[in-house]
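Structure provided below as structure tokens; questions to follow.
Going by the order they are written in, the chains are A, B, C, D and E; count residues from 1 in each one.
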Amino acid sequence: MDLATVAGLVGAFGLILLAMGSGVPAFLDSSSALIVLGGTVGAGLIHYRFSQLLSAGGVAKNAFLYKPRSPTELIKTLVEHASRARREGILALESAAEEAEDPFLKRALQLAVDGHEVSAIEAILSTEIEQLKDRHAKGAEIFTSLAGYAPALGMIGTLVGLVMMLQSMDDPSTIGPSMAVALLTTFYGAVLANLIFNPIAGKLKSRSAEEVLYKELAMEGVLSISHGDNPRIVEQKLSSFLEPRLRELVGQEK
Amino acid sequence: MDLATVAGLVGAFGLILLAMGSGVPAFLDSSSALIVLGGTVGAGLIHYRFSQLLSAGGVAKNAFLYKPRSPTELIKTLVEHASRARREGILALESAAEEAEDPFLKRALQLAVDGHEVSAIEAILSTEIEQLKDRHAKGAEIFTSLAGYAPALGMIGTLVGLVMMLQSMDDPSTIGPSMAVALLTTFYGAVLANLIFNPIAGKLKSRSAEEVLYKELAMEGVLSISHGDNPRIVEQKLSSFLEPRLRELVGQEK
Amino acid sequence: MDLATVAGLVGAFGLILLAMGSGVPAFLDSSSALIVLGGTVGAGLIHYRFSQLLSAGGVAKNAFLYKPRSPTELIKTLVEHASRARREGILALESAAEEAEDPFLKRALQLAVDGHEVSAIEAILSTEIEQLKDRHAKGAEIFTSLAGYAPALGMIGTLVGLVMMLQSMDDPSTIGPSMAVALLTTFYGAVLANLIFNPIAGKLKSRSAEEVLYKELAMEGVLSISHGDNPRIVEQKLSSFLEPRLRELVGQEK
Amino acid sequence: MDLATVAGLVGAFGLILLAMGSGVPAFLDSSSALIVLGGTVGAGLIHYRFSQLLSAGGVAKNAFLYKPRSPTELIKTLVEHASRARREGILALESAAEEAEDPFLKRALQLAVDGHEVSAIEAILSTEIEQLKDRHAKGAEIFTSLAGYAPALGMIGTLVGLVMMLQSMDDPSTIGPSMAVALLTTFYGAVLANLIFNPIAGKLKSRSAEEVLYKELAMEGVLSISHGDNPRIVEQKLSSFLEPRLRELVGQEK
Amino acid sequence: MDLATVAGLVGAFGLILLAMGSGVPAFLDSSSALIVLGGTVGAGLIHYRFSQLLSAGGVAKNAFLYKPRSPTELIKTLVEHASRARREGILALESAAEEAEDPFLKRALQLAVDGHEVSAIEAILSTEIEQLKDRHAKGAEIFTSLAGYAPALGMIGTLVGLVMMLQSMDDPSTIGPSMAVALLTTFYGAVLANLIFNPIAGKLKSRSAEEVLYKELAMEGVLSISHGDNPRIVEQKLSSFLEPRLRELVGQEK
């Protein structure tokens, strides 16, 4: 997990604990925690299939462990492949396909080496990217849904507490503490939604955008190579995907 | 109904009941239940036609009973059909069309065997998929609408209770219980929306995506076969729809 | 007006009245009703032109009186036209065009009989469908806007009541009733939005989808006939628009 | 300004004043008005550039003064131009271009008379329509943004008032009036958003749709004329943009 | 930073301070400020990568310092280039490419001078514009996310304060001030969201639209020149992007 995530979690929860001071125990209530956490998971289990929830967990773990790969390195590699294909023919990329680490790039190069039509290669690779986007969007959507259920369950818990409190207001001195307990579920729901589920959904979306950009670069590059473009055009096409300041990194080594 | 759904329902409602403890009777109020449930159904009856609400019920039942079919099996079948069509001609798929269990696949194969143009087959099958998506989206939308009406009716009920309470505050000891009853409709509305209607709408959307993916695979496969693609390209095209880890399952048997 | 709408209105309002019991008079306040209803209409008058609001009323009335026409009947008719056009030439549809009850179908057949190019017919008919969609969406949007203004005006009314009550709290016994009156506008706003405006907007959207589907069927059928497709293909193309269970109805009579 | 707008403003504000009765002075508080109005304008100034806010004001003024032009008249004119172009050649529209009052129609006719390719004329005119839509959408968006800031600033003002009141609750008799003043900013924010900013944004959207429809009609007509379509087809194409009941007006005079 | 932004910030915060009057110290609470600001940044750190947050800061700074360039000047320049290319051939634009200040225009002209196909130039330049839009949208989205987290953290802080207050209500005289402190976080959250984060996100969107329009003009112009269009058509095409009143500025000098 990257440092910023750890810092964010520690910082946010630390500041909340700090604000509680010596009153922390008053914020721990297992019954309230159960109704919010259990109810949110319950709503998620009705909404999604069990396997979807499990795989969402895995996807989230990957999103936090994921190390973004350098698009500039990829462009340099593709431009080199383009030069070689121009000089020695597309079959010369056979070894490049075998050595490629990224499975998508490997597949793309293999399709090009196999000599399929450019339009068939494009159909295959763009379907793969579309489906990847859909799966990523689904993963992020699961956490967005949970971020919607958590505060709702928090409110449901608070209503349960309020109704019980209002039914028996004989002893005024118990009103305050009862109400405090009733508010805890709203508090739990807000924390779950805003410091756990929503940021995870956001992380998944960012990471998906990065991976899609990487794959689009690989696809554009291989299509351009299959099409027989000259390496300079390949470089121009691919560097259009980058921020201006990163473009220099691509050109520098050449 | 799958186990996860049952577990979700039992878990969520169980935890809420647990939190109520011995106070459960205080949460049962037929007049409050009537105003929320009846009012929500009433709003739904003005919004939709009766037949639409009824069919939404049926659609929801199917969504929970639905067993997802394996896309990897479908791909294997389609690749086999492609091999056979290559060897023996497209008419050899006559028996495959007759034996196909899925009505959409059956229809697609029949159209291919009948020798229609690829573009005509595509027009027919993609219209069918589009209309299916529209009907599914409509079904999910009905539950999303009900999930919007339920809390609104809950609030309306609470306002009715509050106004009545405020009109006659002579006996302070009745204020608490009156307010408790007033809050019950808000509670019912929140539970209906977040543990029943919204999760059902979500389930319908997930299930629709799975069915659409299955049908898109069938369509792409049959179009590719009609087009005379070689089986390896058919496999490549179709496996692009799958997650990388499922792709191996497709290739293994070959 | 269909029975379900009447049942929905009577049921929802009946249950609310039931919950009020003998307290109904406390919920009637002409000044509160004026501020919400008048204010909502006022906001609508600034937002839209008078003619738009008036025509929205007419559109809504039609939506509730509208009897959906059977798409299966239309398909059967179009397939018969296709057979006849195949046997006797497109001019044989002259009488069919004259007898067609639906103005859109009449126009479409007339264009086909006049022998215009398929692309020109498609341009004309699809423009008509697009513009119809836009007008319907506009009509539904008006009610959605009113459904947004009503609760806002309700809150404005409640704030007026609260401020006045807070200014003169000398006699504690008046606080309850004053607050009850202040809450009435919020109550009226919620009822207007959730039992009147939003359901009407929803009804308009459903009805628009049905009418658009009907017109799309008519357009596809006439285009397919103009194009000289054989009747079996026309039937296949059109039945793709239907749910599987309705498709049998189309085929049965043939 | 059209009568309906005046009636809407007078009606809505009149009913609110009526509900206040003799309590109007209690609702006037310059400090509260300043924090809401000034804060909303301040947020707008950070969000937009000064020139954008100013031009939004101008755009809004135009939207209320705007008199919609008759699309049926335009269609009749275009059909006449089509007849003339058919009889005497496209150059015969030179005088029509000079006499056209609407600058967009003038420009479109001039491009046609100049003999440019249909595709070039379409590119130029559709770019103009697209950019017009974008500018209109931007103008409406400014008022939608202000409609979002106003209640937020209202809540900020109420929080300021509440905090100050809660800090010094020594004299219970001041609590009511202090709270009344605190609520005024929420009241101002709600009124600004729902009776001023949101209806203006809506008016801009309606007016934009009308102007875009008018320009689309002009574009379609001139493209059809340039393309050499016969006048009857021009009329059919253009009347597809109209509601059925308006179509008769187009045909009547012919 | 432009004057309007400064005026907006000073005005909005000045009016809030004015409303606080001598009570300003009551609104300063370091623990409350920490929980809202720190918590919002913490949520942002989980949601985004550290580098994304940092670059968002840079992007925001640029947005406020950015001086919009004149599209009318650009059009005049492009029309001159078109005239020259017509007279002396496209290679005559070599010097224009070298002297161009804007890097995008420089690149576009260089591609045209290099004699690449129009479709290749369009692919390269439109990819660059698409990616720029995506990066800008991402930047604005970061501030929109923070504008969502800030009020949520404000509510979390208020719940912490409320629960602590309700737990110990022995001394009624402390209830007011405790509640006042509890409300401060809600106040901070609302101010952060509505006077800082949302307006910044809005500024980024406006600025992005301006820059994209400028680049689209440059692309359209260079494509039109590469295509060999005559200068009058180039001017017509480009002036379609402008408001009517700006178009005269383009034509005046000619």
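The rule is simple: a residue touches a chain if its C-beta (ideal position, glycine included) is under 8 Å from a C-beta of that chain, and two chains touch if they have at least 3 such contacts.
Here the structure is a predicted model, which is why all the values come from computation and not from measurement.
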{"item": "Shortest chain-hopping distance from chain C out to chain E", "value": "2"}
{"item": "Other chains in touch with both chain D and chain E", "value": "none"}
{"item": "Copies chain A and chain B touch via same or different residues, half shared test", "value": "different"}
{"item": "Rotational angle, Cα trace of chain B fitted to chain E, multiple of 5°", "value": "145"}
{"item": "Chain A and chain E, separation of their C-alpha mean positions in angstrom", "value": "24"}
{"item": "Approximate Å spacing (C-alpha centroids) for the pair chain A, chain C", "value": "39"}
{"item": "Multi-chain contact residues (two or more partners), chain D", "value": "none"}
{"item": "Complete ring sequence of chains beginning with chain A, oriented so that chain B follows", "value": "A, B, C, D, E"}
{"item": "Chain A residues touching chain E - in the complex, by the definition given at the top", "value": "2-5, 7-9, 11-13, 15-16, 18-20, 23, 26-27, 176-177, 179-180, 183-184, 186-187, 190-191, 193-195, 198-200, 202-203, 206, 209, 233, 236-237, 240-244"}
{"item": "Complex contacts: residues of chain E adjacent to chain A", "value": "31-32, 34-35, 38-39, 41-50, 52-53, 103, 111, 116, 120, 123-125, 127-128, 131, 134-135, 138, 145, 148-149, 152-153, 155-157, 159-169"}
